[in-house]
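Common to both upcoming complexes is chain A, partnered first by chain B, then by chain C.
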Partner chain A sequence: MGKYEGDPAWDDVVPIPQDDGEGALAQIAYADEYAEAMGYLRAIVAAKEHSSRVLDLTVEIISMNPAHYTVWLYRASTIFALDHPIQQEIEWVNEVALDNEKNYQIWHHRQLLIDHLYPSISSDPVALQKLANSEIAFLTLMFNSDSKNYHVWSYRQYLVRKLNLFNASEIKSIEALLKVDVRNNSAWSHRFFIVFSNPEYATPGSAATAYDPGIPDALLDCEIEFSKAAIFEAPQNQSPWNYLRGVLRKGGRPLATQECFASEFAKIESEEEVKSSHALDFLADLWNEEGETEKADKALKLLGDKYDPIRKNYWEWRRKALKAA
Partner chain B sequence: MTHAKLNRELHIKYWQRCLNSLLPTGYTTTDSTRMSLGYFILSALDILSAPPLPSAQRTQIRNWILCCQHPSGGFCGSPNHKFPDAYYGDGKEEMDPANLPATLFALMSLGFVGRMEEVKRVKCLRWLKSLQRDDGSFGELVRQGRIEGGRDMRYCFVAVSVRWLLRGYIKIDSVEDIDIEALVAHIRAGQTFDGGVSESSQHEAHAGYTYCAIACLSLLGRLPHSSGAQTDSEISPGLTNISGTIRWLVSRQLQYHNEDDNSDDEGPGFEQSQNTGICANTEPPLESLLINENMFVGFNGRVNKRADTCYAFWVVASLSMIGEVELVDPEPMRRFLTELTQHQIGGFGKCPGNPPDIYHSYLGLAALATLGEADLKQFDATLCISVEQRQRLEILGEEALTSRNYTCFSREE
Partner chain C sequence: MAFLVKGNKHHKRVVFQTRAMAEKQHLTVSSSSAKPAPNLGSKNQQSGFIIEELSQDDIESITDENCLPSLSQPAPIMSAATARAAMIPEVFKNLSPFRDLLNTQTSQAQDKTVQECLPFLSGESADFKYYNYHGLPHLDRKRHIAFLHKSLKKLPAPYVVADAARPWMFYWALSGLTTMGEDVSEYRKRLMNTVRPIQNESGGFGGGNGQMSHLAPTYAILLSLAIVGGDEALGLIDRKAMWKWLGRLKQPDGGFQMSVGGEEDVRGAYCAVVIISLLNLPLDLPRDSPAWTESVPTLLTNLPEWVARCQTFEGGITCKPDAEAHGGYAFCALACLCILGEPHVVIPKYLDVPRLVSWLSARQYSPEGGFAGRTNKLVDGCYSHWIGGCWPLVEACVKGPTMVSHHAKSTNLGSTDGSGDLYSREGLIRYILCCCQDVVKRGGLRDKPSHNSDSYHTCYVLAGLSSAQHKWNFNHLTAKGASGNLASPYHWNVEHVIRQPQIYDEEDRVETVHPVFVVPEGVAEATRAYFATTCAGWD
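Up next is the complex of A and B:
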C-alpha cells in the first residue's frame, strides 16, 4: 500500500493516475512513491484545493523532482491562499536550493515570494534593509559552493532592481568574490550591471554595448583603474580585458587612451615580448582604429602564428578585414 | 596522423536503447521535459540515418504526443502534466497549462512520425501570442492570467520556432501574429558589453542564450551580415555588435590537455593560462603555443569556464548562422568530441570521462553535423535538425493546411 493510500488524512481524495498509453516516448522508470504522489497532486489540483496538506505533498514531490514547474506554481498559490508566513517558506527554500544547485524553478519561486512580500514592507526602510541583508547573506552562502551559478546571479540581479541595491556594499561584495577568483566572469558581469545600470545616473534603456553620456567621468576612471589592476594581477585573464573594452565603449573613449597600458603586456616592435594574447588583440583593434594597419596586421599575425594559434582562422580573417578596409 | 572517428553504429544503438527501454529513475527530474527527450531521440536517429521505425511504433508515438496536446492549444511537457480529457472544461484548462518548450518539441517530434493535421494550429498560435509580454519577451506558460517563467532568450527562440512551424509558410494568416519588433528589441537589449548575449537584462553572456538569440533572429530574417552590410536600412539589425559577437564566440574555444594522468584526484585539465586558471597569483607566463596535430579543442559556455560537449554546438551553430563557421578549425574540435567525450557505449558525456546522457549525446552529434561530419545528415543549425527534416516539416505543414480529413490544422478556427 502506498504512503497516501494508507493515510486516513488523504481518505477523501481519489488519485488521478498518470496515463502514459502504449509506446510512450522517453518513458522513465518512475519510483512508486513519485507516481503515487503525482496521482494525489493531480486530484488536488483538479479540486483546486489549497490546504496545509498540499504544502506537505508538494514538499515530497519537489524532493523527488525539483524541476516540476507546476508543482512549484501550485505551491506558491497555496502559500498565498493560506497566508503561510513567507519567511518560513524562504527558510525551507534555502535548504532546497542548497541541495539542488542547478535547479531553476527554486529561484523563480523565490522571486514570487519576494514579489508577494514586497508591497507589505515597501514603506518600511528597516524591514527592507533586513530583507536585503538576509537575502544577500544567503546568496553568499550559495556562492561559497559555486560562485558562477547562473540562476543565483539572475536572482541577484532581480534583487538589486527590486530593492535598489545599486550601492557600495554591492560593489564590495563583488570585489570580495574577485579577490578569491579574479577570473570569476559572473562577478565581472555583475559589476558591469551595478555600475552601468545604476538608475541614479545611467540613461534609461541604454544598451550594454552603447555609449552612455550619463556615466560620470570619475566613475569611468575608477572602473578603468579597477580593470587595469586585475590585468596586472593576471594578464592572460580574458574577463578584465573585456571589461576594460566595455568601460571604454560606455564612456565613449577611444582604445588609444590605453595604448601605453596595453603595450606593457605586448611589445612587438624591436624586441618581442608578449605576456597576454588579449593585450595583442586589444592593440590590434586600437591600431586599426588609429589607422596604423601595418602594426595591427603584425599583431594579428603574431596571434595566429604564435600566441593564440587555436584561433588562427579567426586572426587570419581579421587580417583580411584589415586589408579590405 | 589518424583521424578521430565518430562511431555511427554505436550511436545508433545508444539511441535505440533510449527509444525502446525505460530511462533510469535518475531521469525523474526531467519528467516535466520528457517531450524534449523524445525529440532528441527521434532527431538523433534521423541525423544518424538509422533504420526507420516500424509503422506501428510511429503510430503509438504520434498518439502519445497528441495525448499531451492541451485542449486550449499548445502541448504539455509529459503525461504527468496532462489530465484525462473529462477533467477539462469549466475554466479548468489552466490547472496544468500548456508549456512553450514542450510545444516546440512536440511539434518537431510529430514531424518524425507522420503528420501535423491533428495539431490545433489556430488555438496554439493564439496561445503563443498570449505568452508574449509587453517588453517583447516570452514566458513558458500562462496560468491564472499571469505569464510565468523567465524572460530569457530560450523562450524567444522556442516561440519563434513554433511560429515558423505553424505559420512560416503562410503569407496572409488570419491569426494575429506575435509582436516581432518588440521581440527583436528584447533580443537587442540582451546583448552584453563583451559581445555575447545573456538572459535579458545585463547578465553574463552565455553561449546557449547567444545561440537562442541568433537562431531567433535567423528565423526572423533579422541577422546582420558579418560584413556589416544591412539589406534594409530601415530595419534595425538584431545584433548590436557583430564583430564583438564573433570575437566572443571564437573565444569560447580552449585547448584541452589530455595528459597521462596517473593521479586520481583531478584528472586531465585545461590550460591554466588560457582560460581556467584558479590561482590568480601563480599565472604562468604566456609562452608561444605550438599547434600540434593531436591537439584537442573544447568549447566553454561562458568566459573562464570549463569545456563541455554541448557548447561545441551552441558556439559552432551560432557562427554558422552568422556565416562564419570557417573561423573554427574543425579537426581539434572533432578530436575533443570523438576521442574524449564520445562514450564507449555510444552517446556523448558532458565532459571527458563522463557517462553519456541524452542532452549531451544529441548536441555532440549536432556539433559534428554542423561542421559537416560525413556520417551524419546535412544539418540545419537554426532549427537544430537535419536539412531534410526541415524541408519535410514545411511540406507537412502545407499538407496539413490543405487536408480535407482534419479541421484542427486550419487557417481559421
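Up next is the complex of A and C:
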C-alpha cells in the first residue's frame, strides 16, 4: 500500500494514473513513490484544490524531481491562495537550491515569492533592507560553490531592479568576486548592469551598446580606471577589455582616448611586441575610427596571420570592411 | 562480460603505448589526460546551455550502467602519427601564445580543458582505431545511432528528473538520427500515441500527461512530429487551442512566458515564432490575451524590440534584459529574428552587428577549436550548435541575399569553397570529431572528453557538424511552398562546403539541417505547406 493510499487525510482523493499512450517513447520506469504522488497531484490539480496538504505533496514530489515546473507553479499558486508565510517558504527554497545548483525552476519560484511579498513591504524601508540583506547573503552562499551560475545571476539582476539595489554595496560585492577571480565574466556583466542601468541617471530604454548622455563623466572615468587596472593584472583577460569598450561606448568617448593605454600591450610599428590579442583588436578598431586604415589593416593582418589565427576569417572580414569604407 | 574485460585490457595497453609517445612529443601533456576520465559528477562543472533544464549530472551518472561494452579492436601502434601530426595546423596543437601568469579558478579550468583535449586533437588518443591523414577520426555513426535508438526505449527510474522534459528526448533522438541519415518513420505511430495524452485541451503540450503546457516541450513535440512527418502526425495538433494559448503567454512588453505564470525569456520568443510560423497561425492576438490592447494587437507586436533589449554591451545575447550574454540565447534570438524577417534586414535593424560578430567570433577557442558559451567559460560540444548555428544566420546577414534562382525541389546540391566564412569550420570539425565522440563506452556525443555522452549533446553536436560541413544561403527568390506571414525562414538554400584538401573523410559528412528550425532540410517547408493548404481557416 502506498503512502497516500493508506493515509486517511487523503482518502477523499481518487488518484489519476498517468496516461502514457500505447508503446510510449522514452517511457520512464518511475519509482512507486513518485508514480503514486503524481497520481494524487493530477487529481488535486484537476479539482483545483489549494490546501495545506498540497504543500506537503509538492515538497515530496520536488524532492524526487526538482525540475518539475508544473509542481512548482502549482505550489506557488497554493502558497498565495493560502497566504502561507513567504519567509518560511524562502527558507525551504534555500535548502532546495543549495542541493540543486543547476535547477532553473527554483529561481523563478523565488521571483514569484518576492513579487508577491513586495507590495506588502514596499513602504517599509527597514523591511526592504532586511529582505535585500538576506537575499544577497544567500546569493553569496550560492556563488561560493559556483560564482558563474547563470540562473543565480539572472535572479540577482531581477532582484536589483525589484529592490532598487543600484548602490555601492552591490558594487562592493562584485569587487569581492573579481578580487577572487578577475576573469569572472558574470561579475563583470553584473557590474555593467549596476553602473549603466541605474535609473537615477541612465536614460530609460538606452541599449547596452548605445551612447547614453545621462551617464555622469566622473562615473565613466572611474569605470575606465577600474577596467584598466584589471587589464594590467592579466592583459589577455577579455572580460575587462569588453568592459572598457562598453564603458567608452556608453560615454560616447572615442577609443582613441585609450590609445596610450592599449599600446602598452601591443606595439606593431617600429618594434613589434604584442602581449594581448585583445589590445591589438582594440587598436585596430581605434585606428579605423581615426581613419588610420593602413595601421588598422596591419593590426588585423597580424591577428589573422600570427597572433590569433583561429579567427583568421573574422579578421579578414574586418580587413575587407576597412577597404570598403 | 568476458568480452568487456578483454576490451578494457586492450584499451589500457594502447593507452600506455600512446601515452609514452605523447610524453615524448608533448612534454606539457599530463599523463592522466590521455584517456577520458570518468565523469565524477562534479557539481561545479557547468553543463551546457539546455533549452529546458535537465539535471544533466544526474542523468550522466545514472546512465553509466547502460554503457555498451567496448567493441574496439586492439589499435595498431600509430606508426603514421608523426606524418599525421605534420598535417595538423599548429593552431590546434599548441597553447595560445598569450598566457597570463595570474592564476585564477577560470584559468585553471581553462588549462585543464586544454590538457584534456590536446591528445585527442593531436591524433594521439587511443580511443580511435583510425585517424586520417589530417588527424581526424571517423564519425562513429553506428554507435551514435545505437545510442539514440536506445534513448527512446524504456528508461530506468533515475530518469525521473527528466520527467518534465521528456519530449526533448524525442526531439534530440529523432533530430540526431535524421542528421545521421536514419529513417525514423518507424517511430511515427508510437510518437503520435506518446504525445496525444501530453496535449492539453487549453492548447499546447506539457512535459508529460497531466503537466501544464510549456513552450519548450511544445517546441520539441512539434518538431518531432514534423520530423516523422505525415498528415496524420501533424493533424493531431490542435491549432486553434495553440493560438489561444500563445495569446495567454504573450506579455505586454512584447516577449513570451514559457508557460502561463512561468518565466519570460528569449527561448519563449524563439519557440513561439517557430510554432506560429510552422503552424501558419493567424498573427492577431486573441482578445482574451492579458497583453491585448489597441497598441498590442498581434502576437508579434514589440517582439523584435524585446529581443533587441537582450543584446548586451559585449555584443552577445542574454536570456532576458540585464543578464549575461550566452550562446544558447544568442541562437534563440537570431533564429527568432530570422523568422520575423530576412536576415540582412532584420538583424541589423535590431542588433549591433559588429559587436555581435565580434562576440560570436570570440567564442571559438584554440587549440580546442570548439565554442564556449560565454566569455571566459569552457568549450562545450553543445555550443557547436548554439554558437555554430548562429554563423549561417549572421553570414547571411552580412553577405546579403543571393539572387540565384533555385527550384524548390532541386536535389542537386551546389558546392562552395567556403570563402566568406566568418569562423573556422576546420576548428569546429576537429573539436567535434576528435573530442566530442564517445567511441569506447556507450556511443553518443558529449560536452568534452571528460564528460559522458547524452542525447542532448548528441543532437546539438551533430547539428553543429552539419552546419560546419554545409553553407546556407538566404535566397530572395525561392519561397519553398510558403507565402504569407512569417515566410522568411522558407527561403534558405544549402550548398556543400568542399575544400581542397578536405580534412574529414567524405563518408563522415552528415545530412543538412535547417538553420532556423534545426530539423532536416525540407521538413519545415513540408510542415508549413501542410498547414497552409489544409488549414486555411480554423479546422
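Definition applied: the second predicted complex is superposed on the first by the 325 of 325 C-alpha atoms of A that agree within 3 Å, B and C clash if a C-alpha of one lies under 4 Å from a C-alpha of the other, contacts with A are read in each partner's own complex, and residues count from 1 in each chain.
Criterion: a contact is a pair of C-beta atoms (placed from the backbone, for glycine too) under 8 Å apart; a residue touches a chain by one contact, two chains touch by 3 or more.
This is a predicted model, so every value here is computed, not measured.
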| item | value |
| --- | --- |
| Combined model on chain A: chain C and chain B, fit or clash | clash |
| Partner chain(s) touched by A:34 [first = chain B, second = chain C, both, neither] | both |
| Touching partner for A:319 - first (chain B), second (chain C), both, neither | neither |
| First, second, both or neither for A:18, with chain B first and chain C second | both |
| First, second, both or neither for A:101, with chain B first and chain C second | second |
| Partner chain in contact with A:298 - chain B first, chain C second, else both or neither | neither |
| Chain B versus chain C as contact partner of A:191, first or second or both or neither | neither |
| Which of chain B and chain C A:309 touches, first, second, both or neither | both |
| Which superposed partner A:146 touches (first chain B, second chain C, both, neither) | second |
| Chain B/chain C common contact set on chain A | 16, 18-31, 34, 38, 42, 45, 64-70, 73, 77, 104, 108, 148, 150, 153-154, 157, 181-186, 188-190, 192-193, 196-197, 207-209, 233-239, 242-243, 245-246, 249-250, 275-277, 281, 307, 309-314, 317 |
| In the complex, chain B residues that touch chain A | 18-19, 22-25, 27-35, 37-38, 41-42, 57, 60-61, 63-65, 67, 78-84, 87, 92, 95-97, 99, 109, 140-141, 143-144, 148-150, 188-189, 191-195, 198-199, 201-206, 240-241, 244, 246-247, 250-251, 253-255, 273-278, 280-281, 283, 285-286, 288-291, 295, 297, 302-305, 324, 326-329, 332, 358 |
| Residues of chain A that touch chain C when the two form their complex | 16, 18-31, 34, 38, 41-42, 45, 64-70, 73, 76-77, 100-105, 108, 111-112, 145-150, 153-154, 157-158, 160-161, 180-186, 188-190, 192-193, 196-197, 207-209, 233-239, 242-243, 245-246, 249-250, 275-277, 281, 307, 309-314, 317 |
| Footprint of chain B on chain A - complex, ascending | 16, 18-31, 34, 38, 42, 45-46, 48, 64-70, 73, 77, 104, 108, 148, 150, 153-154, 157, 181-186, 188-190, 192-193, 196-197, 205, 207-210, 233-239, 242-243, 245-246, 249-250, 274-277, 281, 306-314, 317 |
| Residue ranges of chain C in contact with chain A within the complex | 43-44, 46-47, 53-57, 89, 91, 96-102, 104-107, 151-157, 159-166, 169-170, 173, 187, 189-191, 193-197, 206-212, 214, 258-259, 261-263, 308-309, 311-315, 319-320, 322-326, 352, 355, 357-359, 361-362, 364-366, 369, 374-377, 398, 421-424, 427 |
